[in-house]
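First chain written, first letter: the chains are A, B, C, D, E and F, and each begins at residue 1.
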Amino acid sequence: MPKDAVEIRVVSPIVTKGFRKIADLKALEYPGIKVSHAEISTGPGSIESEFEAAVSVPGTVAEVLRAERDGADAVIIDCMGDPGLRAAREVATIPILGPCETGMHVAAMLGHRFSVLTVMRRLRPSFENTAAIAGLSTKLASVRSVDIPVLELESDLEHTKKMLIREGIRAVEEDGAEALIFGCTGLMGCASALREGLLAAGLDIPVVDPIPTAVSVAVALVRSNLSQSKYTYPLPPEKTLIGYDGIRLPVPIAAE
Amino acid sequence: MPKDAVEIRVVSPIVTKGFRKIADLKALEYPGIKVSHAEISTGPGSIESEFEAAVSVPGTVAEVLRAERDGADAVIIDCMGDPGLRAAREVATIPILGPCETGMHVAAMLGHRFSVLTVMRRLRPSFENTAAIAGLSTKLASVRSVDIPVLELESDLEHTKKMLIREGIRAVEEDGAEALIFGCTGLMGCASALREGLLAAGLDIPVVDPIPTAVSVAVALVRSNLSQSKYTYPLPPEKTLIGYDGIRLPVPIAAE
Amino acid sequence: MPKDAVEIRVVSPIVTKGFRKIADLKALEYPGIKVSHAEISTGPGSIESEFEAAVSVPGTVAEVLRAERDGADAVIIDCMGDPGLRAAREVATIPILGPCETGMHVAAMLGHRFSVLTVMRRLRPSFENTAAIAGLSTKLASVRSVDIPVLELESDLEHTKKMLIREGIRAVEEDGAEALIFGCTGLMGCASALREGLLAAGLDIPVVDPIPTAVSVAVALVRSNLSQSKYTYPLPPEKTLIGYDGIRLPVPIAAE
Amino acid sequence: MPKDAVEIRVVSPIVTKGFRKIADLKALEYPGIKVSHAEISTGPGSIESEFEAAVSVPGTVAEVLRAERDGADAVIIDCMGDPGLRAAREVATIPILGPCETGMHVAAMLGHRFSVLTVMRRLRPSFENTAAIAGLSTKLASVRSVDIPVLELESDLEHTKKMLIREGIRAVEEDGAEALIFGCTGLMGCASALREGLLAAGLDIPVVDPIPTAVSVAVALVRSNLSQSKYTYPLPPEKTLIGYDGIRLPVPIAAE
Amino acid sequence: MPKDAVEIRVVSPIVTKGFRKIADLKALEYPGIKVSHAEISTGPGSIESEFEAAVSVPGTVAEVLRAERDGADAVIIDCMGDPGLRAAREVATIPILGPCETGMHVAAMLGHRFSVLTVMRRLRPSFENTAAIAGLSTKLASVRSVDIPVLELESDLEHTKKMLIREGIRAVEEDGAEALIFGCTGLMGCASALREGLLAAGLDIPVVDPIPTAVSVAVALVRSNLSQSKYTYPLPPEKTLIGYDGIRLPVPIAAE
Amino acid sequence: MPKDAVEIRVVSPIVTKGFRKIADLKALEYPGIKVSHAEISTGPGSIESEFEAAVSVPGTVAEVLRAERDGADAVIIDCMGDPGLRAAREVATIPILGPCETGMHVAAMLGHRFSVLTVMRRLRPSFENTAAIAGLSTKLASVRSVDIPVLELESDLEHTKKMLIREGIRAVEEDGAEALIFGCTGLMGCASALREGLLAAGLDIPVVDPIPTAVSVAVALVRSNLSQSKYTYPLPPEKTLIGYDGIRLPVPIAAE
């Protein structure tokens, strides 16, 4: 029987303290639903490349393990690269969600095709690969970028929003998008500005803000008693691991 | 800002009164979340063919329109054929969910591939078509059936569960399924029996029970302020409609 | 052995009397081939949405049943939404053809890729879904629209033809189309004008006019002794059906 | 305006005289429809490999050119390898049909998925490649073979039919086929035996006999005034050609 | 154990003597690696159509047979249509490489998507078909052409290079290409000019020159002791073959 | 102009010293081609899960950076999970090859479809994801496992080879494989035993041994002057990175 009080842990896989504002996460709470937060202590300042995504994974996995030990009911990895999603699902039994995978499935339910609006052009192959693995290639209309680095998104928030609206309109009119999803969790909170900009252009298009959506879907999974398949994501076997003292795997089921 | 009190309306697109037990729906309620129910008055006794799905649509659309007028926040069409899903999305502004489309997206997030366990073999093409339209063909491992008609599922519930377990194990071992989803909403409530049967066979496989899952995802959409794209599902134009007195469309936006 | 005299019934799934001109159908007759016609009595005035397609189905199925009782050899559903195609195939033993599915397969044989030229932009997802189900997604170059409602296509026929030529040229030059197909059966008869317009632009591109093509293919199926698979489209089981007095299914084979 | 008297030329791309029986082709004639025949004079005795298909092409193209000069309205290449189909379409303006491509499109219309029943296992990649190019990979359930060489199919016709029924049943029950198509034009005439064998096994499955079907579809194209796209299949440019004295291309349009 | 001295035979499937400059092939030699050359004696002057590709095949197969008898270790068919690739693989045991198939696989390893830059627009369907058969459709961004016939590529080499740079930049910026491959082996030697032109435009994009790449990959296969699967490409059965005196197949294994 | 002396660095992304035998790599050398080796110092003992693959990446990237500083011409990551492939390609300018991606492309050239023979069943989703990203899903027939952990493969080498032959035959006969590839670089050296076992069963099927093949293809890339696209894999931007003292990125091009 599902618990009435659900804790969703958001793990930000970067070392830039305070990038994720706690108040923004608290705004996602409901009676019976708590949203907690963690950052990693080793890894990159932000994630705008495959390299940075890769070096964020060990710290992210460590935080996922801690979240499950703390009693969290689900974890969301706070980056649209979904770094460490598969590794984390192996070491945990609670549901682990990637905002990109989750947001793409939700966007695919809302409109015939969706586009991703992200920060840098270089991330396009990564999003197309995520869609391919999620089985959603045919629903991905395009990946567009505003060409603003993650840590500068808030430097001139009006410019960021203006660029989002411009690229969002292009995604609809040129690429065939009928729903939109942010391609960077640093854009959290910009959804209503984008949606209004689109409506002003006569385009009634839903905008998926990945972290709030992932939090809601995580609650849905917890209340439906669902978690990742342990046939797809079995616990790793016990073995030598050098250089990751912070990572202690649970005892494998097979060894019990 | 999303409402704290959310009403999800489940519309059963069949005329067999009492088939959907209200207590089963009430069990899905949480503080702040209410689950209401409606049946259609014209249409088939159950849905096991494309023909029956088709003749359930006018009544279903009428109930969807009524649900929105009643103030419901989202509607779930209570049949794995998702009958009338696209038509209903056009006439409504609140989110309309099909348990098949929704459940398939959720199953695709939980495991590498999923199989559908349904009632009759003849439904296989329909599920494969739904997956194709949802963009999920590569995630659908197989469609298997227990060969028990919808209205007889509960006649010998132990036999039904036994068949589900047998076909579920085959789906995993022969077809490559790593998650399962029921292919008939009449199987609601059998998920834990199936999951236990799989665990007993050493298979730790999630089982998606489509109606509870769709209710949870509907809440997620409502709380994320999301609904279907009106670019994909615009309101139908005003025009002559003979023989459907019960269906009164809202005034088209374009006509305002 | 196939009959020498073949009757193809064209069923227009709308209640607008006289929209389909009988003379246009008679022009498709050959020695040994008769083309008959029926309209539905309950349903929409025209079909430009998923909703209107859905509410045309019960009347369409009733007319398909009547056609088979009348001795027709095949039925064509006179709308590019192919409304009720799968339901009708279940209840009938004679071949039932959708002009969209049929025309797409023919277009795919004629050119490397084809585009659909339709009336309203909102129909694009529907055509892409039909192509996905037909297995032809990779052959569909694009869906373009002239933005003229069905019932106004003939109001200014020269404008309609001009728009068809403009969008047809764009489909070839911008989208990679190498064959074209009309995306509305209301455009019947415009094929030669479009083809000439394309030739004048130096583009030797075939134009599939769906109803004449479907009539010809229906004859081909009848003369080849072929009809839809009853494994894919078995007769629906006998059961309660409320509100569709006009629909009387044949006795199921299984019950004989 | 299409001609009332249509001539379909069947070109057998092999040098085994009399393999294709004229009476079998004459049985496909109808009032207004004539079926003529030609064989090639250089090439293989039968086609069971990519090599043999390739060396049949020059002779086949020569016969296609002759057929158009003779006034035929369409040509069917009498081999399921569709040898020379694209080359022939370039040099001709009348429709050129491959029985494999044509039969696969027809089979895809009749059932949810189809299987090919062919002579030798080694042909499987070739059929899968044809399906890929036709855009029909998702509709091809399997390729099965009876392991009887082309020229021995009639040595023990009862054995051939028995093997077809055995593999046909397997295709339906093991591979998910819901329609069948012969994978060798040498099997022409066996369709009714196979269909009866399937019915006896309780499987109501259509069987596409490719040559009769292609003849019917060729008539359909001619009467619909349709031929291959000259944008996809433009006339080859004039240039040196050594060793093919029998092949004289029409003057290219560009040279006029 | 692989030989230290490897001979790669390049077979130009055209009758234009001297089109392929021997010095260009010699430049691909390394210690232990020899590159030899042959032309065909019957066939087309150049290949710019499916027809010309088809009539080049018998001569090409004859040269492949000769190469194996001569002791060559691998053969490359010197045309981006890969004419006769499958037929040649059947008759030979040494690896037979098509520069198009090979180059596409290499390009797919280098960048997320690749575009083909070819001579004439009419070749686009052929490249898309090759990609479909190779399983690489999702990696092919586009096919673009410079609209210069093969035999005129060197008439104004500066113009050819300028056009390649123009279309290459468009492929990257408009079509999403992240790697490029020449779509005509007649462009051999232009890769560095194209790459420099792209770099000058700020685009650091690899350019695959198909013949040098295929020679290198052929050496890789020989040194890895790999050749085409005889399960996919079995030797053709012995049988009548009229009109191809120059082609003598090895005795089939099955006949030994 | 390519160098005559080429150094290929094989980086084993595990901390088990001596697992990769240097003699086996030296056997891949040719005149002008040197194969060097490195292991990582932090990471897992072997890789049999997504988690272990992830924690091998930082050490692997560090070794890739060292290889380029040392003057190596290309790097091969010695694990079929291709761990860190994309991250390494970003930080390096020399070609970085993954044996899985490389081997799959080579296998796809050799046979119509290929199967992967790996160690543990749990790796299947990972191989299917790699194929999806490489664009090769349609060429992957199946993933089969011998159920022997990596570090035990050599404990009973005859058992390992026997299991490889058994699963290899099944892959061909049940799954449609026409070429095979090892799904663990720990199987290096078993290719000839497997190939002989298949031949003894009458199956003439090529077996791709991924590390030797990747070394050969790496040489091919180097000699063709090709490396990964810097448009797909641009250098990561300079930024804070905590906890990875060993990783020093080259100065980004954009900063010069």
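In the analysis below, contacts are C-beta pairs under 8 Å (C-beta built on N, C-alpha and C of every residue); 3 or more make two chains touch, one makes a residue touch a chain.
Small disclaimer: the values here were computed from a predicted structure and weren't measured.
Asker: Starting from the defined contact criterion, work out which chains touch subunit A and subunit B both, please.
Answerer: Looking at subunit B and subunit A together, the chains touching each of them are C, F.
Asker: Between subunit D and subunit E, two touching copies, which fits better, same or different residues at the interface, with half of the numbers shared as the threshold?
Answerer: same
Asker: Let me have the rounded angstrom distance from the C-alpha centre of subunit B over to the C-alpha centre of subunit C, please.
Answerer: The computed centroid separation for subunit B versus subunit C comes out at 29 Å.
Asker: How many Å are there between the centre of subunit A and the centre of subunit E, using C-alpha atoms for each centre?
Answerer: Going by mean C-alpha positions, subunit A sits 44 Å from subunit E.
Asker: Going by the contact rule already set, what residues in subunit E reach two or more other chains?
Answerer: Within subunit E, the residues that touch at least two other chains are 112, 125, 132, 137-138, 178, 232, 234.
Asker: Have a look at which chains touch which and call the overall pattern line, ring, star, complete or other.
Answerer: Drawn as a graph, the chains match no named shape, so other.
Asker: Let me make sure I understand the interfaces: which chain pairs count as touching?
Answerer: A-B, A-C, A-E, A-F, B-C, B-D, B-F, C-D, C-E, D-E, D-F, E-F
Asker: For the complex, which residues does subunit C have touching subunit B?
Answerer: Residues of subunit C touching subunit B: 15-16, 41-46, 48-55, 57-59, 61, 84, 86-87, 89-91, 122, 125-126, 129, 132-133, 149, 232-234, 236-237, 239-244, 247, 249.
Asker: With touch defined as at the start, can you tell me which subunit A residues reach subunit C in the complex?
Answerer: Touching subunit C: residues 112, 138, 176, 178 of subunit A.
Asker: For the complex, give me every residue of subunit C touching subunit A.
Answerer: Per the touch definition, subunit C meets subunit A at residues 124-125, 128, 132, 137.
Asker: Hey, which residues of subunit B end up touching subunit A in the complex?
Answerer: 4, 30-32, 97, 101-102, 105-106, 108-112, 134-139, 172, 178-179, 203-206, 208-209, 212-213, 216-217, 219-221, 223-224, 226-232, 234
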